[in-house]
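I've put the structures underneath this note.
Each of the next two complexes has chain A plus one other chain: chain B in the first, chain C in the second.
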Partner chain A sequence: MTKQLTQERSKFVDFLLEYLVLFVIVGLVIVTAIVEPAFLSQRNFTNLMRQFGALSFVALGMTFIIMGGFIDLSVPGMISIIAMVTLSLVDIIGEIPAMMIGLLLGTMLGTLNGSLLVNVGANTQAKALFITFGMSQIYRALALILTGGFSMNWGTLFAHPMPVTRALGSGMWGPLSISFWLFIFFLVVLYIFQSKTFLGRAITYTGGNLTAAELGGIPTKRIVIFIYALGGFMVAVGSIVLFSRVSVTVPAIGDFFERDAIMAVVIGGTSLLGGKGSVIRTFMGVALVILMSNCMNLLGVQTHVQEVVRGIILVLAIWLDHRRHARG
Partner chain B sequence: MNNNDVILSVQNVNKSFPGVRALSDASITVRKGTVHAVVGENGAGKSTLMKILSGVYTKDSGTVVFDGETIEHTTPIQSIRRGLSIIYQEFNLVNTLTVGENIFLGRYSEMKGMRNMHKQARTLLDSIGSTIDTYRLVSDLSAAEKQMVEISKALSFNSKLIIMDEPSSSLTADELTQLFTLINDLRSKGVTIIYISHKLDEIFELCDIVTIVRDGQVIDTKPIDHLTRGEMIAKMIGREIENEFPSRPLVTYNKVVMEVKTINTRKLKDISFELKKGEILGFVGLVGAGRTEIVRAIYGADKAGELKILMNGSPVKIRKPRDGKHAGIGLLPEDRKLEGLVLPFSVQSNIVMSSLENISKFGFINSSKEKEIAERQIKSLSIKTPSPHARVKTLSGGNQQKCIMGRWLEINPDILILDEPTRGIDVGTKYEIYLLIKTLVENGSSVIMISSELPEVLAMSNRVLTICEGRISGEFNPEVDSAHDIMDAAIG
Partner chain C sequence: MNLNVQALGAQALNILNKQKAVVAIAIIFIVMIFPDTNFYTAGNFSNLLEAVSTNAIIAFGVTLAVICKGCDLSVGSVMVMAGIIAIMLLNSGMNMALAIILAILSGSVVGFINGFLIVHQKSEAFIITLGMGMLVQGIALLLSNARHVSASDPNFQRIANDNWFGIPNIAAFMIVFGVLVFLLLRFTSFGRNLYALGGDYEVAEHSGINVLRTKWLAFVLTGTFAAVAGVLAASRFNTGIPIAGVDIPLMVNCGVVIGGTSFAGGVGGVPQSFIGIFVIFLLRNAMSMIGIHPNVQMLVLGIMIVAIISLDCFAIKRKKEAV
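Entry: the complex of A and B
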């Protein structure tokens, strides 16, 4: 009954909360453009698109994991091991086969994460948090063992020319970078997957109420494994895009990507409680995260202050998430 | 009446929420030392009234006089300190604290040390004849024990009036008897009780006076012995219904649809029985006897050590709910909010959940069929919802339950298992659910029904199995055998 009390007056507030991220993006663009006109330059735009790269792919995968009611902290370790394995194979089997192996490895590691969770009976986000955190440590250490702790520079290391890597790293097609086109491709495919397919919907049921979904005949265990496999695949795409952009790949290359991906997903408005979300929202979330750091860089905000702002934004986003869902 | 003093007088209280008049001119007079029942369908305004009394809501107009003091604005803590406590159905206890700490929650500074606090808690519990150790954690207590803690807590404030909201909903028959003894005892000590319940038998057994609420209005207040059960129901729903239950459907088929050879788990011992096509089989037993465990094992929701089931004569392997569903079994779970519904989702999403896979081609959902299914079930079950896209959590309990029924009816399983299908549902909707069950078996499905309301199982079932301590302790024909014999076998 209290719900009805606030219903009318909160319609506007609800709308604002739903699309807050859009308003913030627009506000941020306007303010930065006024204070620092360099923001609107072609160069900065290209720069923005490049930064979009790896994070956007990881965040797309993370969207489904969070929508399914889980979370994945194994991203840094996975990015690291996938990049290292792929680069190590380039000279042996060639560029494209190596990338295929990288994608396969990502999918397999994701499947491993998911199976592990299902088999130890980890059915809550908290348990997934710790297990995937542990897995990240393992993957990252394996990457270090594999490379002996050395970094790799694909620009100078390999005898092969690497056209695909080069294209992914700095190629343009029309006004947009190749990696951004790739992102648009995945965004469209995953949006259709999320809204039109049984599997996509089954993920939201699983995240909405795992027990009810299971009792309703939804194959929840397979769903959990699937979202981690999909997440792993997307991490692999992100990893490849990432090493294409930075010519020197160090084992710590993936650090903080889990934080930024979760942040992008939650800021976009996908609920940490599971069940509700969208890849389109994640697109907006990634845009905001990237814009934020770009603007702060342009405005000359100190790095550590930037971290503080990022932290505050994440806490705010989670608070908003709870508010939105407490409303019912 | 023991005493003519009025403890609580509510005169012409109004309360509106935008679009809804929750209470209009509600007046109730409660006399000291009585057990005063308040009955009404879900959404009739009982809760709103009680929340005004306890200070959760503020009334729009009207007067409330409690213990000679006119009360304008109050907060929950002020009400409690004044001597008016309310015990909610879900309890208001902190699971991770001990019994003693819960009783004196927020008053530790007044207690002069933990030892003294536990001593006082002991005295309170002793005074109501409870032996719960005050050092136990609340999370380890049964529902009945939690209730004792709540009552002790209320008494620790020297409550003159205790409101109990559906106190019996999670109690076994034995525990209920104990609660009644306690309430009678409190009454004789001059404590007044407002007893809110859907269970009319309890009200007739326990209460002195009953107030009937419907659509935000007080319809009538009468001494209990001036009312019959039928009159009370008629006043609650605003029309006469001749029967609480539809006539018992006949079993017209002679085919065994499911044969449970053995179920053995840690809790269940050598369960075996048959289910005929078109039959309603009732499971009767105390809470915790193993009724829910049996059906969960059959459906694949719990792992069973040994599970041998024949469906239509051929063995089936059921390891997970999905297997159960594919074998032609559906389960309406005991706790509809936790196990049945996806509360933040729409009515449509909740209805189509189990049939979505069947209307998908190459993994793509046929969205027009999805809409069709939702509309069909909303219509045929007359689910009261503003739209298929309304969130299911905004619906009343009965309509929520119908959504889960609709989910299964769409699949049309051979066997539908109903675990407490009418718990917390008002009388009118209960009858609709009985009719649905009847239609279901008349169309050739079979039903296993678990219910803690004995009259309901006995009136609906063709056959009854009593479950006691993980075993089947008897088989009865409810048309012939007496309720007493059946209960006897269930208690063991």
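Entry: the complex of A and C
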């Protein structure tokens, strides 16, 4: 009897820990809505949706990289070089082709990262961290050299009207913004990919145990290259959404995106140890990160206190993740 | 006697073989003879030495973490926070020695928390220290209100900027701390145990080494050294800059690896780390002297980091395949 009770309770605790982020989101919404009713206004909702923008796409790509047991710090450099190249091409080849080239460039840079890691035998997260950091420096430097360090403003700089960019940046379709629809599209596609396809399952196996996956006949090297390519593609999408929204693009536009993306993924509950996770969880993680800053802003928390709170939450999330998965 | 000399010679050759960074340094020195610059002047070298010093002190601490198969990415933020704490305590009228000691202790506290999370709770070192770095960066911004803070006491500036028999004080500090860590690694059981548990954690644990305490202490020391460097840097510029530490952690960790302290754990030491940091700063200095644009410098440094870490990984892979 007693044993049963404790089992029941531990099941409940497990459930609570597993979906902690959901409870935190609900709690945060309730508290903020009571203290500051403006939180529930239509305007704040639109605002929140727009903030989903770039970060959510980058985080979706990062989910697969982390699920595969790796990590990618090259995001800031990639965002910067993709935005700069795409914007420089707009006047030459038109808006849509420029964006296509941007997406292609992102995929290529991701592939480059992945093949470099695979070929030098960087099979742990720590090694991948340092190499992708170096790659980020290289991409950022290239972006700076290409543009001479100048900022670009698509609102005034280009002869073309840019309807797609404008729509991505501020357009609405029904109750939701167009960038949010795009996010939902990618979320659904990637969720189906992750749970229903062989490749999606293979990524999880690779992250769970690299050696076992390799012995089990999964082409782990190609998987690693693939997750980085996918990550690069999503970074390119994020980069395009980002410059659509902010209109003025500086070479440092992507700074701290890697940090926030990793934070969103880990807070969502995708394990840094690899092999466990889901894009749905990342969606919750992104929602929490964005809600958190929105709520703290509405509640009038000082900017630097917010930074500390964010740091504490990140450390706590990583700590809980390791406690949960390392011993379970 | 003769044998001894021969053995020493062989050892030197061996070190040179492992130390490709030394070759890089030699190449830079030779190349810099040709262009007409101020590279070979006393002023430049003392500048270079001062710039290297604080980073080298951080690197000595990071060496301890890397030897036991960890790494510490919170050092940049710890450095900045310690500098700001020292200056703010000083400005609030506290005794200088006490203010500095408290600032350094703040670094030890961060190191202690890092150690708790990594060693006791078995979190992955690099990601948890990345998170701690963010947290500490936030604290530094909060304390300073994101402004530069300057010490009102002119004596604070003198700690780093005075000369000591012609050697800049800050370089003297670096030498003292370097020798200290070197002795710690070579002649104490703590140092020996650190190498042992970096080489193989399980074996070290089963041979009766208190692995928890040893590794934990390594992280505390890493935090402490970062804080010492922070106080010295703050004293050097007489300013605490809350965002100065953003690039430092990855740069210093890479520098340590460039020197030959491998992520595989169990190898490396103080001289290697110093050489690794020195080569980064020498390259920067030389490129500035020739007049290479900062953006291109960033590119070259990025390529160097990728190349060196890749080579390290490649060497580990080869070694595994050979076994």
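Here is the rule we go by: the second predicted complex is superposed on the first by the 317 of 328 C-alpha atoms of A that agree within 3 Å, B and C clash if a C-alpha of one lies under 4 Å from a C-alpha of the other, contacts with A are read in each partner's own complex, and residues count from 1 in each chain.
As a working rule, contacts are C-beta pairs under 8 Å (C-beta built on N, C-alpha and C of every residue); 3 or more make two chains touch, one makes a residue touch a chain.
Please read these numbers as outputs of a predicted model, since none were measured by experiment.
Novice: Check whether A:Asn209 is in contact with chain B, with chain C, with both or with neither, and answer first, second, both or neither.
Specialist: First partner only.
Novice: Tell me the contact category for A:Gly217 with respect to chain B and chain C: first, second, both or neither.
Specialist: It touches chain B, and chain C stays clear.
Novice: Touch check for A:Gly171: first (chain B), second (chain C), both, or neither?
Specialist: neither
Novice: For A:Arg201, using the defined touch cut-off, is the partner it touches chain B, chain C, both, or neither? Pick first, second, both or neither.
Specialist: first
Novice: On the A-aligned overlay, A:Gln125 touches which partner chain: chain B = first, chain C = second, or both, or neither?
Specialist: second
Novice: Hey, is it chain B or chain C that touches more of chain A?
Specialist: When the residues of chain A touched by each partner are counted, C comes out ahead.
Novice: So, A:Val305: does it touch chain B (first), chain C (second), both, or neither?
Specialist: Only chain C; A:Val305 stays clear of chain B.
Novice: In the complex formed with chain B, which residues of chain A make contact?
Specialist: Contact set of chain A toward chain B: 1-5, 7-8, 196-199, 201-202, 204-205, 208-209, 211-219, 221, 275-276, 325, 328.
Novice: State the interface residues of chain C toward chain A in the complex, per the touch definition above.
Specialist: Touching chain A: residues 71, 117, 121-128, 130-132, 134-139, 141-142, 145-146, 250, 253-254, 257, 263, 293, 295-296, 298-299, 301-306, 309-314, 316-317 of chain C.
Novice: Can you list the residues on chain A that touch chain C in the complex?
Specialist: 71, 116, 120-122, 124-127, 129-131, 133-138, 140-142, 144-145, 149, 259, 262, 272-273, 302-312, 314-315, 318-319, 322-323, 326
Novice: Would you tell me which residues of chain B are touching chain A in their complex?
Specialist: 17-20, 22, 48, 57, 299, 301, 320-322, 324-326, 331, 333, 338-345, 349, 353-354, 356-357, 360, 363-365, 367, 391, 393-394, 407
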